[in-house]
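The first chain written gets the first letter, and so on, giving A, B, C, D, E and F; residue counts start at 1 in each chain.
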Amino acid sequence: MKLLRHVAAIVTLIVLATMVADATDPGSLQDFCVATNGPAGVFVNGRFCKDPNLAKAKDFFLSGLDIVRNTNNPVGSTVTPANVAQIPGLNTLGISIVRVDYAPNGGLNPPHTHPRATEILVVLEGTLSVGFVTSNPNNTLITKVLKKGDVFVFPVSLIHFQQNIGKTRAVAIAALSSQNPGVITIANAVFNSKPPISSDVLTKAFQVDKSLVQYLQSRSWWINN
Amino acid sequence: MKLLRHVAAIVTLIVLATMVADATDPGSLQDFCVATNGPAGVFVNGRFCKDPNLAKAKDFFLSGLDIVRNTNNPVGSTVTPANVAQIPGLNTLGISIVRVDYAPNGGLNPPHTHPRATEILVVLEGTLSVGFVTSNPNNTLITKVLKKGDVFVFPVSLIHFQQNIGKTRAVAIAALSSQNPGVITIANAVFNSKPPISSDVLTKAFQVDKSLVQYLQSRSWWINN
Amino acid sequence: MKLLRHVAAIVTLIVLATMVADATDPGSLQDFCVATNGPAGVFVNGRFCKDPNLAKAKDFFLSGLDIVRNTNNPVGSTVTPANVAQIPGLNTLGISIVRVDYAPNGGLNPPHTHPRATEILVVLEGTLSVGFVTSNPNNTLITKVLKKGDVFVFPVSLIHFQQNIGKTRAVAIAALSSQNPGVITIANAVFNSKPPISSDVLTKAFQVDKSLVQYLQSRSWWINN
Amino acid sequence: MKLLRHVAAIVTLIVLATMVADATDPGSLQDFCVATNGPAGVFVNGRFCKDPNLAKAKDFFLSGLDIVRNTNNPVGSTVTPANVAQIPGLNTLGISIVRVDYAPNGGLNPPHTHPRATEILVVLEGTLSVGFVTSNPNNTLITKVLKKGDVFVFPVSLIHFQQNIGKTRAVAIAALSSQNPGVITIANAVFNSKPPISSDVLTKAFQVDKSLVQYLQSRSWWINN
Amino acid sequence: MKLLRHVAAIVTLIVLATMVADATDPGSLQDFCVATNGPAGVFVNGRFCKDPNLAKAKDFFLSGLDIVRNTNNPVGSTVTPANVAQIPGLNTLGISIVRVDYAPNGGLNPPHTHPRATEILVVLEGTLSVGFVTSNPNNTLITKVLKKGDVFVFPVSLIHFQQNIGKTRAVAIAALSSQNPGVITIANAVFNSKPPISSDVLTKAFQVDKSLVQYLQSRSWWINN
Amino acid sequence: MKLLRHVAAIVTLIVLATMVADATDPGSLQDFCVATNGPAGVFVNGRFCKDPNLAKAKDFFLSGLDIVRNTNNPVGSTVTPANVAQIPGLNTLGISIVRVDYAPNGGLNPPHTHPRATEILVVLEGTLSVGFVTSNPNNTLITKVLKKGDVFVFPVSLIHFQQNIGKTRAVAIAALSSQNPGVITIANAVFNSKPPISSDVLTKAFQVDKSLVQYLQSRSWWINN
C-alpha cells in the first residue's frame, strides 16, 4: 500500500509535468487565457490556459520586431510572426501581428490566404505594390501602390500579395484578426503538397499539359510564413 | 395639398416597390429573415428581410435538384447552387447545399476554397477522387476515393477538389455551413483576375519564367460555380 | 525506483490510451480539430481534438449513406446520422448531414426540433408532405408537398416534420448547421421523459383530463433519431 | 420646378416620419443601438437603430414590473415581458427579463422552449415545481421544487415549465440570454397551429387515433407569453 | 503484472479525483456543460464539463437570493452573485444574475464595468439613482431615478453605478449576459491595484499633483462584487 | 400623371442621394462590405454597405500614418486612428490600427479601456512603460518597460495605459480586434461626463470628501483618442 501511495504521488507529478504547452478559443470568457500545453497528447480547439494567477508580463510580451530580417531566399521576403505561438497571452484574444521584410527590386510575399483573418498592413519603409482578388464570378483584382505610412486592408480568406517595387528594401507591420490566422501559400498548397495532387487534377484545372504541371511541381518552393 | 397627398401615397408605393431583393446575417435573431431587396442602392452585411408576416412556403423551397446537368465544358463539371440567392428563406440561417455533376473520365470540380464554409459531400452516383490540402507549413494532402453513399468533409477555407475517376457520370450533393459560402477557384483568381495580377508577381511566386506565366494567363478559364 | 519508472511509463501509456474519443467548439481555431476522447471522465464543451499531425482521410469519411434502411417501426421512418459522432473530422466545423428513409403510405419523421441547427432537405425519392410551425403568438404552419429533387428549409429550433404521402418508399438527405445539432422529439420529451412530467402539468398544459394524459403517456414511443 | 422642390421636401419628411420602430443584431458594434423602425416595409435581421446621439434614458427604461398580474386564464399564469419590444435600448445587447405570475393551486407556465435563449429564474414569492427535459435519446426530466429566493436554470431550447404547487399566488423574475428570445408553447404549436397540422401526422406522432387528435386540436389554447 | 494493474486502477481513480472544479465556453455545443474542474493545474477558456449523464437538478440550482445582506461597509452595498462560480449548470449558457443590497441614504454600487456583459436591473425595493456613461468623445451620462418595479439597462463594458437615494434600504435583482461577466471597479483598479500604478501615470491622467494621487491611493477600498 | 412620374423620378434620385454614409457587422457575410451611409436618419448595428461592385482600392486605403503628430497637449500624447471611420473597407472585418505619438519625458496615453477590442502594440521609437490591471478581486497590475521592436498585449476591456519614460519622443503602432473598438478614457468618463456624475456617487466611490471630487471634476480633460 505504501508503495502504491508513492506511485500515486509520482503519477500526480508526471501528470502535472506533462501539462506544459497548447490551446486557444473563439472569444475570451475571462480576463485572458495565457496559452500553455495540456496533458501530453491532449488537444483542444485552440489552446489550454495557464493558471490565471500565474500570468506574468512576459506572457504578453515579445521583443525583436525591429530587427531587419534576411530576405535572401527565392521569393525575396521574410515574415516574422507575433501570434499565439510566440506570445501565449494572445490566446483567445483574436488578434496578432507580423513584420514582413521585402528584398529590393521585387521581393515578394507571394499570393496566399489567411483562412481565419483579415489583414491590415502599414508600410514602415519602401514602396509596395499590393493587391487582393475577389471571389467568383468576378475575380476582380483590387490593387494599389503603397508608400511609407500607407495602410491597406486584405479581407479575410481572399487571395492577396505584396511586392517591393522599389530599389531599396521594404518593411511592413501587418495585423491579423486572429491569434492563429493560418497561411495558405497558393503555389505551395497547389504544386507542392505532400503527397502531390494528382497531375490529372492539375492539368485539367489549369488547362495545360501534364509536362507543364510536372515542371511546376518540380520547382522548389519556399515557405516564408 | 390634395395633389401632394397623392404624391406622398405614390412615393410610399415606389419605396415599397423598390424593396424587392438583397441581405443576410451571422445568426438569426428571429424565427427567420427571408431575404429581399432593400431600398434601391442600399445594402447591408448579408440581406434585408421580407416582412415576416408575409413569409410563404415558396420562400423556403427550390425544385429541380434531381435534374442531370450538362457537363460539356473545359473542366467537365457543373455546380448547381441552392443558397440564399436561390432560396431567400436561407438568409441568416447559416447553411446551403449544391448539386455537382461530373463528366465521365475526369470531370473535375477544380481546386477552390469556400471563404465562409466547411463542405460535407455525399456521392449519389459514380466514383470520385477527392482531397484537401492543409495550411502552411505542412501542406499535407488528405485524399480519398469515394463511391456511391460515401461522405467526405472539406474543412472551411482549405483548398479542395473532386474528380470523377470512373467511366460513367458522377453526381454528388454537398452541404455548406453558410447561406452564402463564396467560391474562389484558384486557377481563375490567380491566372485570370480582371485586371490580371502582374506577371512579376506570378513569375516569382511560381518560380517560372514570364512566358510560362503568360501562357498560363492566356488559357481560357471556366467558372463552374 | 526502477519499478516506479516502469509504472510511470505504463501510466503515461494508460493516460494516452484513454484519450481516444470526446470534444467540439463553436468555430475552428485551426485547420480542423478531429474529435477524440480526452482523459477518462474529462469533458469540454464539444470535444477534445486528435493531434493534428495524426489526422487521416478516414477521420473525414463515412460510407453507407446509400443503403436503404428498414422503416418497420411505429412511426415508419429511420434517420441515419453523419455528424461528429460518426465523422470525428466534423468537430468544430458547424455542419452535418442525415439520411432519412420513410415507409410508404405515411412513414413519418415526427414533430421535433433541433436546438442547435437549421435543416435543409433534398428529396432523393418519393413524395413528402413537410412543414414547420412559427413561434408564438402566430404559430403559423408553413407547409409544402415535395417531390424528387425538391429542397426545403426548416429554420433553427422550430418544430417541424416530414411525412411520406406516396405509395412507395421515400428517401431524403438533409444537412444541419451544426456538427452536433441535437434532436428533441416532441412526443417523447413531453409524454415519455424519464421520470415522467407530472400529470398535473400536462393536464393543464393540454386542457384535457388526467386519464387522457395517462393514456398519452402509456403509448410506447420510438426514437428514430 | 418649385412645386417639385416642395414635393421633394415633403417626401424627405415622409421617409423620416416612417422611420420610427424595428431591428436587433447578434452583438453590439457600438455602445448601443436603440431599436427603432426603418423605412416602412423594410426589415433587417433584428432591428434598425435610432441615431445614437438621440438616445435618452427612457430608451433603456421600463416601469411596472412590480404590478401583480391577473392570472385568471386557462393555464393560470401570465408572463409580462421586458424585452426589445418593450425596452428599445436592449437591441443588440443579448439579454431581457420577464415577470411571471402564477395562480394559486396549479397556476402553470406550460411546457415551452425559447429558441434563442437560456433562462435563469428567481422566485420572489410562492412555491414552484419546475423542470426541463434533455434531448434525445435520454429525455431526462431534471426537476426541482423552488421556494422564495431559489434560483434555477433552463438551458437554451430545451422544453421546460413551472407550476405553482402552493396555495397562494407565486411570482418569479426570469432573465433570458437574448433581447428577443422567442417562445414556442408546445401545446399551441402542435395542436393549434394555423392552419392545423394534418391529423395524419399527429395520430402517428402520438400513436393515438384520429378522434383523440381532433379532440386535442379542439381544446381552446391560451397564449400567456 | 497484477501490481501494475492495481496501480493502473488507482491512477484512474486519482485522475478522476483530481477532476473536481473550473471551465466555460462561448456557446453551448450540447444541451448543457455543467462546470467542473479538469485535471489539477489544467485550465481551458471557461470551464471543463461534468459527464452530462451525471448532471443533477442541484447543478442548476441555488438558494438564498431572498436573504437581506449586510451593507455595513464603506460603499454601503453588497452584491450577491449567482453566476457559474455558484451555479455550475450556467457554464456555456451566457447568462447569470446578482442580488444587490443598498444601505439607506446613499448606499452605492460604485462606478464599474462588466467586460463581458450587458446588465438589466429590476428594483425590488427602494429608490435608486442609476446611470451609465457613453464612450469617447461624448461621455454622455444617461441617468434615471428608479422605483420599485422599474427596469433599467446598462450596455456592455460601459461605466455604470447605482445609488440608493431613499431613506430605507433598497434591493435589486440584475441579470448579466454572461455566465462569468467579470467586474472592474474603477476606483479599485485605478487607485488600488497590486502593485500600484505609477503616480507619474496618475498625476498626468487626472491632472492633479502627486500628493493628491497618493492620498487617493491611500484610501482603503472595498470590493463589494 | 406625367407630373407624378417626374416626381417619382426625383424621389428616387433623392433617396439614392441621401444614401451616402453609416453601418458595420459582427462578421462578414460576403467578401467585404465597404461602409457607407444609408438613407438619412436610418442606422443599423454597424454600417450600411456600398454596392460591392463599386468597391475601389481607395476604400481599403489610408495614407499618412508615418507623419509625426503634435503631442503638445495636457497628457502629452496623440492617437491617430485608422478604423472604419477612416477606412470604410474595414467594415465587418473586425480589425483596425492606430498610431500613437508620445511626448518626451512622460507623454501619456492615459488609463482607458476598449469595450470591443484587445490591443497589440509594437514600439517603433522610444521607451514606454505600459501596463494593464486585471478585474476584481485581484486588480493585479501587469506592467513592462518596452523598447523599440518590443510588442505587448492589452486584453479586451481591461484598463491599460502607456507612458513615454524616455527623454525623446516615442511612437507606437497598435492593432485592435474590432473595426470600431471604442475608447473609454477613465478620467473623462468618471470626472468629466456631460452632465457630471453626482458628487454623492463620486465621494463615496473614491472615499474622499466633496471638495476633492469637485476639484477633480474641475480639471480640464483632453480626449486624445
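Quick note on the criterion: a contact is a pair of C-beta atoms (placed from the backbone, for glycine too) under 8 Å apart; a residue touches a chain by one contact, two chains touch by 3 or more.
Molecules present, by chain and UniProt name: A, B, C, D, E, F = Germin-like protein.
On a predicted model such as this, the values are computed, not experimentally measured, just so you know.
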Inquiry  = Among all chains, whose Cα centre is located farthest from the one for chain A?
reply    = D
Query = At what distance in angstrom does the C-alpha mean of chain B lie from that of chain A?
reply = 26
Query = Hey, how far is the Cα centre of chain C from the one of chain F, in Å?
reply = 45
Task = Mark out which residues of chain A touch at least two other chains, giving numbers and ranges.
result = 7, 11, 15, 24-26, 28, 31, 39, 44, 46, 115-116, 135, 138, 143, 156, 158, 182
Inquiry  = Which label fits the chain touch graph of this model best, line, ring, star, complete or other?
reply    = other
Query = If you go through all the chains, which pairs of them touch?
reply = A-B, A-C, A-E, A-F, B-C, B-D, B-F, C-D, C-E, D-E, D-F, E-F
Ask   = Of all residues in chain B, which touch chain C in the complex?
value = 28, 31-32, 53, 55-58, 60-67, 82, 87, 89-90, 93-97, 117-120, 122-124, 134-135, 138, 142-144, 146-156, 158, 173, 175-177
Ask   = If you look only at chain A, which of its residues touch chain C in the complex?
value = 3, 6-7, 10-11, 14-15, 18, 24-26, 39-46, 115-116, 178-180, 182
Query = So in the complex, which bits of chain E are touching chain F?
reply = 74-76, 106, 108, 110-111, 113, 115-116, 129, 131, 133, 135-141, 143, 156-159, 161, 163, 182-198, 200-202, 204-208, 212, 215-216, 219-221, 223, 225
Query = Within the complex, which stretch of chain C touches chain A?
reply = 3-4, 7-8, 11-12, 15-16, 19, 23-31, 33, 38-39, 44, 46, 48-52, 91-92
